[in-house]
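Single-structure report; data block below.
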Amino acid sequence: MTAPIKHTAQSWAERAGTTSFNEASARTRLELLLDAGSFVEFIGPEQREVSPHLRIFDLPEQFDDGIVVGRGRLNGSTVFVAAQEGRFMGGAFGEVHGAKLIGLLRAARQIKSIPVLILFDTGGVRLQEANAGELAIAEIMRAVMEARTAGVKVIGLIGGRSGCYGGGGLIAGCCSALAVSEPGRIAVSGPEVIETNRGVEEFDSRDRALVWRTMGGKHRRLLGAADVFTDDTVEGFRDAALELLGLIEPFGLDRLKAEQVRLADRLRSFGACADAVDIWAAEGVAHAEMVPELPADQFIALANNIGRTSRDAR
Amino acid sequence: MLMSMNADARNRMVTTWQHQRDARDARIEAGSRLAHGKIVEARDATRLMEAVIRPGDRVCLEGDNQKQADLLSGALLAADTAKVHDLHMVQSGVVLPEHLDLFDHGVAKRLDYAYSGPQSARIARMLFGGKIELGAVHTYLELFARYFIDLTPHVALIAAVSADREGNLYTGPNTEDTPTVVEATAFKDGVVIAQVNEIVDKVPRVDIPADRVHFVVKSEKPFFVEPLFTRDPAAITEGQILTAMLAIKGIYAPYGVRRLNHGIGFSTAAIELLLPTYGEKLGLKGKVATHFALNPHPALIPAIESGWVQQIHSFGSEVGMDDYIRARSDIYFTGPDGSLRSNRAFCQTAGLYACDMFIGSTLQIDLQGNSSTVTASRIAGFGGAPNMGADARGRRHPSEPWLKAGLEADPESPPPLRRGRKLVVQIGETFGDKNVPLFVEKLDAIELADKLNLELAPIMIYGDDVTHIVTEEGVANLLLCRNADEREQAIRGVAGYTCVGRGRDRNAVEQLRQRGVIRRPEDLGINPLDADRSMLAARSIKDLVRWSGGLYAPPSKFRNW
Amino acid sequence: MEDLSFQHKARSRAGGSKQTAIIGVVASGNLEVLVERVLPGVECRLEIKTAATGFGEVWDAVVADFVERHSPGGLKFSINDGGARPDTVSLRLAQAVRLIEENGQ
Amino acid sequence: MTLDEILASLFPGGHAVKNDSGIVFGSATLRSGGRALVIGIANKTAVGVDEAIRLSGYVLDSLAREAGPILVLVDSDSQRMSKRDELLGLNEFLAHLAKTLIFADMNGRPTIGILYGHSAAGALLATGLATRVLVGVPGATPAVMDLPSMAKVTKLSMEALQEKAKSTPVFAPGLSNLARMGAVHVTWNEAVPLADQLDALLISMPDAHDRRDILGKERGGRRKAAEIAERVRDLALHSH
């Protein structure tokens, strides 16, 4: 918060500790998430593998099509990484964008021992190539499950400005575990879409407090949809990823059965709640209405106390 | 004979010189039939309007910069136009759609106002279409002044937080224009009608005494207030940060500006957020930016918390800042109840006479330095900027920045006879939204004046009042320009890649730079690549909440948690 | 979309030894600059795809000043522009040069 | 075709498949003799948390007790766009349904989606696109994004979008476009009994490998996806 003046000599570790994950670009997130200098990109921007479809709409392309994929090291161990750039076309999935992640997941499946970190930052399907984007998401979901079945740990990190919406939310639901920060949002339908379909009385998309307590990181953590909550720094996400890598167990039918129980239980317990605050209160949170105001450390303590996680049941 | 004539004349005077008082009493009598004491039910508000207001009346509908008497504007709009028509609206802010609907429906006909931000496009269309008979567009102080000379309201429709049963009003932190409007109306035989959020046994403090208030209407919902002065730090760009660094190092520091007013743009928000970081590094704490005429900008919280700011007087309040202000009464003006007391008229006066600098952004600047926020299709009015951004010719007290600026402008005069100068700084990026250039050969305001047959083009700040222009290209000090050509080249010299900028005489600009009239980032020891968002003391609204110790409660539309 | 291309001779070759660098993103009012050390001698080339058409003269002026100020000999700049303002363009170009002149491969 | 027509044509020997206010569930005997689990969404029902959890429950129950293919019949709306569904974590429920189908397919229960009506967005991802083979029935009207919404966001006219849609299958709604992308493996012929076509499909069922990107390339709808994925995979395999 009290951002010091940036010194050119500021170390990598200092930058990771002070750089907002939410604000950083996809490339900066990777640079500071992975061990210093360890990132190697696959099909980098100099290959100019841009979307073949945007020109139909007279729209500008980006050399990496809005996703950076490659490998690096996390505390010395190799990981595969994919980071979406939420500012380019809202981080949405198009043909090339999606295919890069699919290729990465397929390699991980073959190798089995290298985990995959997905830094989500997406509004979902890219409208201008909707069919290709939708299908890419379906293929990614399949590839995630095949990789997990082969023993790969697939971890989603969610704290970008575009959140994790649409098909991105479904992919997140397929991951072994998720880490989320307060600004991170996970949902299928966006706020404006709900407002358009249901009316402003049901959902006022400009009421951002409502948007965040319905879809935001704190709610997802308290629901057990995300396993770890972190402060909004790249270092926080790095630590969260390391923690999750140590916790994840292999995937199998028992996980799916447990997830069925977990979700059915959620419906039974909270299905009649009108608002997130009601859910938190029902979970036993005292002063539930104050949850959005809690600083990260206090919230983490509270969430750990509630103790809802999903990594054994997803 | 003479004696008796005089006595006769005196008798006539007694009966004919209180016409207005009689008329007011008749209006109050008509309205009282709908009231219990002074209290009128909300459902009777329109009937109250019809009872009290006469065709052709001058009506002040509050209509401020921030708070809106929205229940009363709705009630007036619903009035039977057979009873209420052809009103002359005198109000500082034309803000709600209803304010213009009044003209569409024939309730109102003539308009004198100051500011129309949210309605700027529609008001332009209605003026072109002849729907509104325009008196003039004013500055705030100017319109307030005319309330006491030739635009005194017959009826004032005002907004307050609460009233007691006698009609004492508590206006809350957003007092704004109310005391001025009530003063002009109540003491010149007008009728004052207040909408209040609640009726209480005892108001927290008396902002308007009961004997100036004739009717009180309780509203179902609180009056509308727009958070106009909240700038999300997340939206501040590197370019704005660079420009802010140039302003701090190139103007605040050398002049030692302690008493000042900031505009509402992102560039000045960037300055506010750089004071505790960049300003601290430059060793400026306590030496600049200590006293403000300023609304409670959330972006100033880090500077306040870091001990930069000593005192702030405010035109209005800002949504979400109430608790913070209450807890920081050393800084703000607060009442015995603890909440902010704002007052637009006094704060405008303070900005005009007691501040050494105004710094704010604008939409267009021409080659003479005239600036305007009017575009071909939008008339936003003036608000207060022209009062802030003008040299006060009536000022007589010296101060270091004022004298230094005076010396730069006029080195020849003998010091005891030399006027000081207020620093009037225009700050902005050379291109605005959608690549629209800040610098133009001819202001759109001139074209607009042609189209509307106005005698004056709506100039926000006249070129001869502007002392500095700051862009990402550097600082132009117009005080040091000795003729119109130099002035033009100084402006072109910081106009970047706009047509105006590309049309500069490179040699002339280089000479101005040698003389320090233009100072580039490198002349000030600033590397543009250092302009980074990590320099901001707060990078998000959430950071501001943290700085405030949880006292700042931002409105929902600014949250991402 | 409009394609623009500029060719200059810089005063000297750019420093450093990195082969490529990239900065910025393609978004409204923003741009990405990919810089590659692929040209001989003091040659410098900029290839621009921009969403804002009709600003060729402005680009010409921005690029000329940039080459004058930063002397990026040997560098090729490929730009995808989402309609950035000239000051943002200048900033990104300068950032790109700084990045490729940093130490590293 | 209606759900009843589809079921009758698929299972001329009768079936025990019910439509409970849009939730399709039951089983039927295949002509080859084996049993198939049949689930699905009918009547253009939106897929929300309540629908998804029921469908995934049927699949999981069946995994424990039965064998044979799983047919997923699809005539849905989009995902249910409501505050309640998002509040409760719709993304997890839809993902969970997709995961159970994918898991079943990978574990000896080949999945076949039969898209005979509408579907869109998250609903399609959780059902038809989570199967090994997606079959299109003529008259189906899938729409990842509807053109009016697209027109709004892209600020292009409907006419302009329709014109562009002629030159590319990449964005416009429709079964044939999804087929060209590789999403729909085969489109059945209404004039031929579906039971015959199902038999043929079961006999020639591809293995559980996801080949939709290659299909999309062969059909000219997605020229890049397969190649890019393959290149990234190779780089990843050879770089560690």
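Just so it is clear, A, B, C and D label the chains in written order, and each chain counts residues from 1 on its own.
To be clear about the criterion, contacts are C-beta pairs under 8 Å (C-beta built on N, C-alpha and C of every residue); 3 or more make two chains touch, one makes a residue touch a chain.
Because the structure is a prediction, the values reported are computed rather than measured.
Between A-B and B-C, more C-beta contact pairs join the chains of A-B. In terms of Cα centroid distance from the overall Cα mean, chain A ranks first. Between the CA-based centres of chain B and chain D the separation comes to 59 Å, rounded to the whole angstrom. The centroid of the Cα atoms in chain B and the matching centroid in chain C are 42 Å apart.
Computed centre separation for the pair chain A/chain D is 25 angstrom, with centres defined by C-alpha atoms. The residues of chain B lying in touch with chain C in their complex are 237-239, 429-431, 434-435, 472-473, 496-497, 502, 528-529, 531. In the complex of the two chains, the chain B residues touching chain A come out as 234, 276-278, 281, 530, 532-540, 542-543, 545-547, 550, 556-561. Within the complex formed with chain A, the residues of chain D that make contact are 49-50, 53, 56-57, 60, 63, 79, 81-96, 98-100, 102-103, 106-107, 121-122, 124-126, 129-130, 144-145, 150, 153-154, 156, 164, 167-172, 177-178, 181-183, 210, 212-213, 216, 221-237, 239-240. Within the complex formed with chain D, the residues of chain A that make contact are 40, 42-43, 49, 52-53, 56-57, 69, 71, 78, 80, 95-96, 98-100, 102-104, 106-108, 110-111, 114, 125, 127-139, 141-143, 145-146, 149, 164, 166-167, 169-174, 186-189, 193-194, 197-198, 202-203, 214-215, 219-220, 223, 225, 253, 256-257, 259-260, 263-264, 266-267, 270-271, 273-276, 279, 310, 314.
Residue ranges of chain A in contact with chain B, taken from their complex: 1-6, 18-20, 22-23, 182-183, 206-210, 212, 216, 218, 292-293, 295.
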